[in-house]
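Common to both upcoming complexes is chain A, partnered first by chain B, then by chain C.
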Partner chain A sequence: MSLDYVKFSNGFERFMPKEYRDMVEHGPFGKKVSVSQMGSFKEILEEHPMCAGCAMTLFIRLAMIAVPNPEDTIMVGTAGCGRLAISQAAIPFVYGNYGDQNGVASGLSRGLRLRFGDKPKDVVVMAGDGGTADIGFQQVLHSWFRKERFTTIMLDNEVYGNTGGQESGMTSRGAVLKMAPLGKKFEKMDMLQMAKVAGCAYVATVVPNNPRRVESVIKKAVLIAREVGSTYIQAYTSCNIEYAIPTDKVMEDAKNVENDRYQFTEYVSEEAKQYLAERYGYKEFLPKPAAPAGAIPNKA
Partner chain B sequence: MYLVADINVEICAAKSCKLCTQYCPEANTIQYSEEMGKDKGFKYGSAYVAVDRCKGCAQCVWVCDNMAKNNAIKMIMIDQLPLAAITDNITYGDKSTTAVLVSPSV
Partner chain C sequence: MSEAEVKNSPATSVAAPKAEAKKDPHAEAKKQRVVTPEYMFHEAPRTKEFITGSEAAKEAIRRSNVDLAIAYPITPQSETMQLVGVLYGEGYVKEYYRGEEEVGVMAAIAGGSRSGVRCYTATAGPGTLRGLEGIASWPGHRLPAVAMFTCRVVNAPLAIQPDNIEVAYLLNCGMIVFHAENQQDMFDFTMAGFIISEKNDVTLPVGVCCDGFFVTHARGYVRMQERGIKLPPREAYHGAVPVLDAENPPARLSRDAPVQKSNFMAYNIHAVWQQEVWAAVERSRKYINQYMGGLLTAENVDGAEAVIIASGSACAQSREAVRICAEKGIKIGLIKVRSLRPFPTKELRELCKNAKLIVVPEFNIVGWLAKEVATAIYGYSKAKIIGGPRVYGGQSMPVELIVDEVESGLTGKKSTNVAMSQVMGGTVNQDDVAHFMRSI
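This part shows the complex of A and B:
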């Protein structure tokens, strides 16, 4: 079984680095861990070169904890800041050329189904707003129209962070950036609406200042993508470098942006609701029982 | 020299909300020990920082001050920590010894 890859080979135990030892002895594989236990198990994510205080880093950290079966998950990324961390984890990582990630994930997800049949292998794409809404736009939309069964997560820092501050389709109108000095002239793209039009079974927005919600949204998205269809999460993950946010104010900024343009929204298709309720016991999606006749107040 | 986060065990253990463990952007950096503070009579444990992984962003300070309202975390110059906290490779496996290493020598 796939858990076999996180164990010591005979005779090698004492030569393994401490991080690996911690992963074998205290890692989350094969157990159910949650964000409320953070700090008391070895995380899948390791050290990486993303900037100090970056909210995208926090989101990726939470995402690695939230995936329902890390031992049966493959992450797909592309150029941009996020891959610097996503690649430094004990979850296999596939690097799609810039903008190709949803095409790569489509092939991967289909191939895994051919090879492993009904046994779930989860494919999760995490890419920047430039990679998802600009350069990869065509492949993203087509994968949704084809109802490819994997999860797409947009790490929306509203800028091309990795290349020094160009505007993206997801930058808000009027935002002034290093390489958009006159301010962006067009509106932020409505990718949420596009995801719904393209037939995604689950569409949600989150901010990293609500770790439990990040966890619950990612779990649902990954489970639905196993059988029902494409799922899309759009996460606000500020770039404190390009937006000049002092690192100790990153969570304050996330709260302000949440109130401004990133309120929590969640769309779940009827088919996905039924699947979550029946297969995974999500009680909130069970059909409401009809009120007993006596409960209806008689106004007559 | 550079700044790292330092958690005052006595202030933290009085509240012990674990919020900072969920908000530090770096993995395996703010750890939580059920045992820390017990020797001082506190009922719950305390959070502590694996300083070799801390990037000094001070987000945890904001979280403890503003969300937990407990002011248990301060940024300090790394050379103000006991030497063992810097030289020893502190990660999850060393939790029991870390309690002594990471808390500042007052």
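This part shows the complex of A and C:
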């Protein structure tokens, strides 16, 4: 267990900042916490430099709560708004080069398996829509085809937020943004379909205004990636700055977008269903009991 | 040959042999025993084999206890990494796969090294430049690993021919760079590379360069230790920065948001970090001396009026040129530079202090070695430095070209093969060399 690294060395406790002591004493490490308990424990991500009203930040907070073993989790990301928050969290984070997150995660997760065998070391990639669908596209798709055992989460704000509002592959057709002065001329990339074609064992879409669902999909995705194969979550995490969404309307926008192009979808491969049911007791994926012999159809 | 004989002939491809009844393919690898680097490099008995450079690299990896190797084909490197794949099949390498292309491969090597395991890859020419964003970031992330670069043409018009211009790019990454002359160097430098790379006060990647085809595809004698011994494994917790395994607190490297901001702290953090990277390159000198016997080798330099300085396969032609010059009664020596980063500055200043003429033959058009030499000995030697002859794009290096430069250099005759702008130092007219001095 790597819980030791979040503990104090003997005699050093009183010299540690309060934030750190809170994390050790009231943090989620080694405990089971849930989004419904938010406010009653110290979160892995609290302080961050993100814009007021940023839905991506809420999603990242929820994701940090949802990971099943925060003390044995390593996150990997790339350039973009998201990493400004992810790098402030009490989970080790790798920020490598542009769009290299799925390549780094491939080497990292394979190396950790060589060193730690069956002991879970969860690698979770969290990168933006530009990092995932544009500059990192090749490495993302190939890691899926290779069935690399880690989770990829796309923080989809449908724009290059960190560089100041340019069109991305995940921008909807027609949206007028920088570098798309006449409106985007092609469709939003269907990364969900590509994830399925590439053989991901689990593919889901979420919006941040449903915390329990965010928690549920991330838990499943991370658990499945331990043994079954690649998993992919695509989260709508609006950019209220570049899309000029009033701060108090951010959740309303998420609801509207959910109804428009981000309806909840979840694909779980048969192997992943069986694995979740047998290893982690997910009842909804247990095989349906066969109808008793002699039962009369259309009766009862 | 009958059909039956054809079927029974030994496999010449790298395809996995048909499984024989329950024989453990890893049996030999499992019997390997770990020995100290000192024993491996200095004491272990060696036997001589006549093999290609790619095979020499394979044999080095067999004895280097490599955990993760990632392959991607590009000429003339492909054979090397597919032979490493054979080692994976035999259990000498624990994990191996064919990556998507070089950007992805270099990223995955970075991930593997961060996880604390020993990593190896190889590429060439355009592959090196394609992966360069990642390669150039390895030193800053303090990632030990060994990468082999089997140099070839990178510029247009593209060719697969030998040309070591890509070394010029690698020299400025902050990594350690060796240049192998032959198959023996490929073998020795690769193995020593892992040990030097993982030293606590180094913790840097090592690039082992060689001139493609001349070394990779040609055969030479290589003296090797027995197959049954290997280097100690990488000690994940011996690095200068913690590995990312969630077992110990992570280093606040580029995950630290302030580094990404434009303020004094950001500039300062980047500056001191890069200073430390290059200081680590400097600290590797003692290990290169210890395990490889020096950053350079010098032959016949004492009392020589002319010295040829070369690296890589140019050393072979230079050695022949030295022989011919000696027959003509010219007192001439040869310095072979093995380590380009760190560069043997002190050694060259000492060795060249009395030389009248230095000739630097190279397999590239820009003359990166001549610039390195001139910079290193500036003010320490009055020698005239001839930055040439140079061949590129796959041309071979006629020994006569080198001999011509030595003879004309000593007599003061104008060279027909080396432009005046490539001549430096000595009593040369400064106007003639102005172009060169501007470009270094």
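Assume the second predicted complex is superposed on the first by the 289 of 300 C-alpha atoms of A that agree within 3 Å, B and C clash if a C-alpha of one lies under 4 Å from a C-alpha of the other, contacts with A are read in each partner's own complex, and residues count from 1 in each chain.
Quick note on the criterion: a residue touches a chain if its C-beta (ideal position, glycine included) is under 8 Å from a C-beta of that chain, and two chains touch if they have at least 3 such contacts.
Being a predicted model, the structure only gives us computed values, none of them experimental.
Asks: Determine, under the contact definition given at the top, whether A:100 touches first (chain B), second (chain C), both, or neither.
Replies: A:100 sits against chain C, while chain B stays out of touch.
Asks: Quick check on the superposed pair: does A:115 touch chain B, chain C, both, or neither? Answer first, second, both or neither.
Replies: second
Asks: Would you sort A:289 into first (chain B), second (chain C), both or neither based on which partner it touches?
Replies: After superposing on A, A:289 lies clear of both chain B and chain C.
Asks: Which partner chains sit in contact with A:248 here, chain B, chain C, both or neither? Use first/second/both/neither.
Replies: In the superposed model, A:248 contacts chain B only, not chain C.
Asks: Taking the superposition on A as described, I'd like to know which of chain B and chain C A:281 touches: first, second, both or neither.
Replies: Neither chain B nor chain C is touched by A:281.
Asks: Examine A:181 and indicate which partner it touches, taking first as chain B and second as chain C; both and neither are also allowed.
Replies: Neither: A:181 stays clear of chain B and chain C.
Asks: Both chain B and chain C touch chain A; at which residues?
Replies: Residues common to the chain A contacts of chain C and of chain B do not exist here, since the sets are disjoint.
Asks: Quick check on the complex: what are the chain C residues that touch chain A?
Replies: 67-68, 70, 94-95, 97, 99-101, 103-117, 119, 133-134, 137, 141, 236, 244-250, 253-257, 260
Asks: Which of the residues in chain B end up touching chain A in this complex?
Replies: 18, 21-28, 30-32, 34, 47, 53, 55-59, 61-63, 66-67, 89, 91-93
Asks: Using the touch definition up top, name the residues of chain A that touch chain C in the complex.
Replies: By the definition above, chain A touches chain C via 2, 4-5, 49, 71-74, 76, 83-84, 87-88, 91-116, 121, 138-139, 142, 146.
Asks: Write out the stretch or stretches of chain A touching chain B in their complex.
Replies: Within the complex, chain A touches chain B at residues 18-19, 21-22, 25-26, 35-36, 38-47, 50, 52-55, 57-58, 61-62, 64, 209, 211, 247-252.
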